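Below are two complexes that have chain A in common, paired first with chain B and then with chain C.
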Partner chain A sequence: MNRSETTRSFTMATWLGWQVESNWTDPFLFAVYVIIKPLASAAILVVMYSIITGGAYNSPLFPYIYLGNAFYTYVGAVMAGVSWAVIDDREHYKTLKYMYIAPINIPFYWLGRGVSRFLIGTVAVIVILTAGVLFLNVPLDLTQVNWGLFFVSLVIGVTMLAMMGLILASITLMVAHHFFLIGEAVAGALYLFSGAIFPLEVLPAWLRPVGYAMPITYWLELMRRSLIGDVAQAFPTLAQYSNLQLLGILLGLTVVFAIVSVFTFRWCDHRARELGLIDRVSNY
Partner chain B sequence: MTHFAIETKDLSRIYKIRGNKKEKQIRKELVALENVTLTVERGELFGLLGPNGAGKTTLIKILTTLLAPTSGWARVAGYDVIQHPNLVRPRINMVSGGESSGYGLLTVRENLWMFSQFYGMPSKEANQRIVELLKMVGLEDRIHTKSSDLSTGLRQKMNIVRGFLTDPEVLFLDEPTLGLDVGAARDVRKLIRSWLEADKSRTLLLTTHYMVEAEELCDRVAIINKGRVLACDTPANLKRNLQRDAIFEIETSPLNGLTPQLLQNQPEVRKAALTDIEGGARLELILQEEAALASVINILTQKNVKVRRLTKREPTLEDVFMDLVGQKMEDVEKEEAPHAG
Partner chain C sequence: MQANPSLVLRGSPKVSGWRLFLKTIVARAYPRVIGMQREKSWLFFDVFLPMLAVSAYVFVYRAIGAPEEYVGFVVMGGAMTAFWMNVLWSMSSQLYWEKEQGNLALYIIAPNSMMAILLGMAVGGLFATALRATAIVIVGSLMFNVTYSVASFTQLLLVFFLAMTALYGMGMMSASLFLLLSREAWHISNLAQEPVYLFSGFYFPIKSFNFWVAAAASIIPLTLGLDAMRQLVFPSGASLGFLSVNVEIAVLIVLCVLFLIGAKFLLDYMEKLAIREGRLTESRR
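And then the complex of A and B:
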């Protein structure tokens, strides 16, 4: 079977990424890690919410925060998953140069390396949502879910996150090892500006445009709307937009980020070859 | 299609190096390669011989599309490495010695199989070839061992197999036996020879600073120092130029302040190098004629230096290097070491 360069880059990188992410311990411990970690991070948020609001779980703010936080898991997982591959291969495994001289498509290789974290992120999202429904009265009724909107939004959203990850991966190629948290750092910073845990109106007026420019803001709103419908529209941030309009904005911004990611990769790749950064080991 | 596997013309590479915090604004330039013009024929085993920091690895990085040259051009397998890197890559492979790259969580077989898949090899064929090559380097009993459990030397063997696995048109081996024990290095040299013998169109570029390795393996050798190619010919021809000279090795008592420069000031002493050994020194001399030995012995006697052993020998590539550079390779490396990194 002679697969195309792009297909084999993506599929083999996916295989490699899964081996790297899942093989570090025995399957039982790995399963515990995949379940406990997201529950613990969600629990922190729930406890904070409970203290601040006095346990107002029936307020529409709670599912807003809870779902926003749950789906934000994908942001860190996909963006950091893609960009982390650069540092992992270059600094840890010292294989980046061998990948670079192989006849593969490097952007698709990086995207493939991010798939395992996307899958682990998916498990985390399911665990968080299940816990929310079972123990915290999150008003999620599977019969009322707009599954079409959910899956379309999920696919476009994950594509958008992958493009953002590709931009970060390209930038990571240019910087030293001490930027190893670049993916998670950017994901952490965007947490505040994308309406994940509070509506954009809470932000100072001069900071709101950052949130409106981020496709993550529209994606999280679409995920909430697809799962809990009207409850998600209780906040004014994006209430004036219909689902279709939000989808259009998300799709448009995804295309913009995809174009930016291609140019960023080309420029960083060219500069990295000029500066001799592809096999640089920082020894930090 | 050109009959050259590798061609370079006036290839130069200059690194811009930023100073430390105090000297941040001061940018220094390091010339890693200077106007390198080389041709390597298809089917040739070509050696790049030079000390650490000579520019060998920089040249390999350019030829394997990892690094852009500052000026000049290079073609590999007939394709320009800057204009058509995507046509070069399916035709090459590379292994760097002295490093333990690879995915530690994967077994030896998985590591190798994965790379074969990136090159588009059919899986069954790849698995057969992995077993064959591992047998050739004596690593077949470790095929299911996680590579993190291998010693550095065995991991290097695995990487060498990775280079041969894809059967490239042009294979680059950068110091492949660096850090390997004698037996492992012998296995690798055997593998290199048999791989080239199996298909006369295969080309291999080997960098090394082991003279014996270059002499034993290479059809032609380029001697490189400070980014410049000083000579390029077959090992026999390179040595032939020195066969008119007399080469002596003298072991002496401590030299009492005698320097190689003092000996080199003698008219018939072309080159002199000194190595400290236990309880004395070893002098290596390239003399224009044997008669010059008398004046050397005379100087040693005047300095109260006793001659313990005196050997006349045939020229080696080490002598060729000393003749070209004026120093032994290890002395060049010692000089460069404080500036490295």
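And then the complex of A and C:
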């Protein structure tokens, strides 16, 4: 693999993605845009929780839900960011065919396009966490955070999400433009299985194995443990695993998804070329 | 010299008035319905996946020990999200997308009404959306044992019809605003998703909010439509309703009139403005 080509593809796509995401308005409006959406999303769960429990924010379940939902922002952001680039380039700007004939590496180009959403997602996560600590008694003490575990988990987790995004982007090559938010639809569906907003025990027994096969489940558990260790470990789902074991599982599943993403891209790319889908426009 | 009759351009007979209006609606609805037949992937991405997302909210309620009627509230709210998504992405911002594709100018050039084009989009979109909403209600109800006790089928149908009319009227009205917008249109639609899910009470009764917050949220027809439907189909719905069903029906009628008239005037005005400012073919990258 030509290293300079992959690096160039990734960095230029990162810059391009940031311009596409941010330069449609002035910085103030952009900041409002970045903050409102995730806050509203978190507020839905907060209102649901407070209606039923009467505002029992001190229960360990609340930080479990709140932090899981906050970090789940990355799932939608990264997966949608990477996969949306396909439809954006193919159907909106009609540049995908030019990308294909340019001296770039397409998977790295798509991954680069997802970086801007990752950055926006990071701001959203920080805002949600800050609001939780300030207004909802989320027991997050920065002096008690296991920063080493936090950053290692974050890096592996984001890599894993990028690989999932690449799989989705490859599939998107084969799919017509029926819907705008394919990445977010997939992320929304995975919400159910990842233990993001409720412990996996709540799921029927026959659905739990899906949750255990999802790397996001282990990643969210690690994020919670690194931030609010004792509270997170109060739930039985993954209590029998140590942090190191969870990291090992996450890393292993990330490698599996990376391998799957390579083969998925190769197959979908070949099929899309064969069927003439690279420059298809499907506006219904 | 006389022209060869076989080479003379023969168009279809001239159609005008309400016939043209109806033909335009059918013509614009056609690609949406046919598109669904040609590629079935939407069944997975547009029906199956959103159903899983709705299920996640059901399990949140189960995790925090909510009464079972809240499960029904989520199933119904989740089904109605389909209509909001459709209005947002396939009505409002669709004109921006059509502009980017180059179709918008053709719509204006053709001797038809933009209202008919938007209605065609609505009819075509409603087909898929109703299917998605029905699938969520049926599967969700079966999966989570949701029981319904319909107080009045007539009122239920009336509320649904009024809510959809007002909602798509609102979509047509906002579509006219999107005529002027460029890339920001996509982001505005994106921004209008979660805040509306929150304030319209898609996953909880709107009564949980302060009266004035709920009243302000009622400008979105789905807020009252959903609240009234919950009151009509769930035994405990009435006790968790924001206003009485009759009042909500009255407000929905007002919203229908307001949005449909507003759509007509705004569309005419925005079209003229967009033509004057040269925005119809503008494509700001």
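Things worth noting here:
Note that in this section the second predicted complex is superposed on the first by the 279 of 284 C-alpha atoms of A that agree within 3 Å, B and C clash if a C-alpha of one lies under 4 Å from a C-alpha of the other, contacts with A are read in each partner's own complex, and residues count from 1 in each chain.
Quick note on the criterion: a contact is a pair of C-beta atoms (placed from the backbone, for glycine too) under 8 Å apart; a residue touches a chain by one contact, two chains touch by 3 or more.
In this text the structure is predicted, and so the values were computed from the model without any measurement.
Of the two partner chains, chain B is the only one that A:9 touches; chain C does not reach it. When both complexes are overlaid on chain A, the residue A:203 reaches chain C alone and has no touch with chain B. Of the two partner chains, chain B is the only one touched by A:274; chain C is not.
In the superposition on chain A, A:93 contacts both chain B and chain C. More residues of chain A lie in touch with C than with the remaining chain of the pair chain B and chain C.
In the superposition on chain A, A:256 makes contact with neither chain B nor chain C.
Looking at the shared chain after the overlay, A:102 reaches chain B, while chain C stays out of its contact range. Contacts of A:140 after superposition on the shared chain: neither chain B nor chain C is touched.
In the superposed model, A:24 makes contact with both chain B and chain C. Under the contact criterion defined above, the residues of chain A that touch both chain B in one complex and chain C in the other are 24, 93. Residues of chain A touching chain B in their complex: 1-3, 5, 8-9, 12, 15-16, 19-20, 23-24, 93-95, 97-104, 270, 273-274, 276, 278-279.
Contacts from chain C toward chain A in the complex involve residues 31-32, 35-36, 38-39, 41-42, 45-46, 48-50, 52-53, 55-57, 59-66, 70, 85, 89, 97-98, 100-101, 103, 124, 182-184, 186-187, 189-191, 193-195, 197-198, 202-205, 208, 285. Across the interface of their complex, chain C is touched by residues 24-25, 33, 36-38, 40-41, 43-45, 47-49, 51-53, 61, 65, 92-93, 174-176, 178-182, 185-186, 188-193, 196-199, 202-203, 281-284 of chain A. Interface residues of chain B facing chain A in the complex, by the touch rule stated above, are 15, 61, 64-68, 86, 89-90, 92-94, 96, 99-106, 110, 114-115, 117-120, 122, 162.
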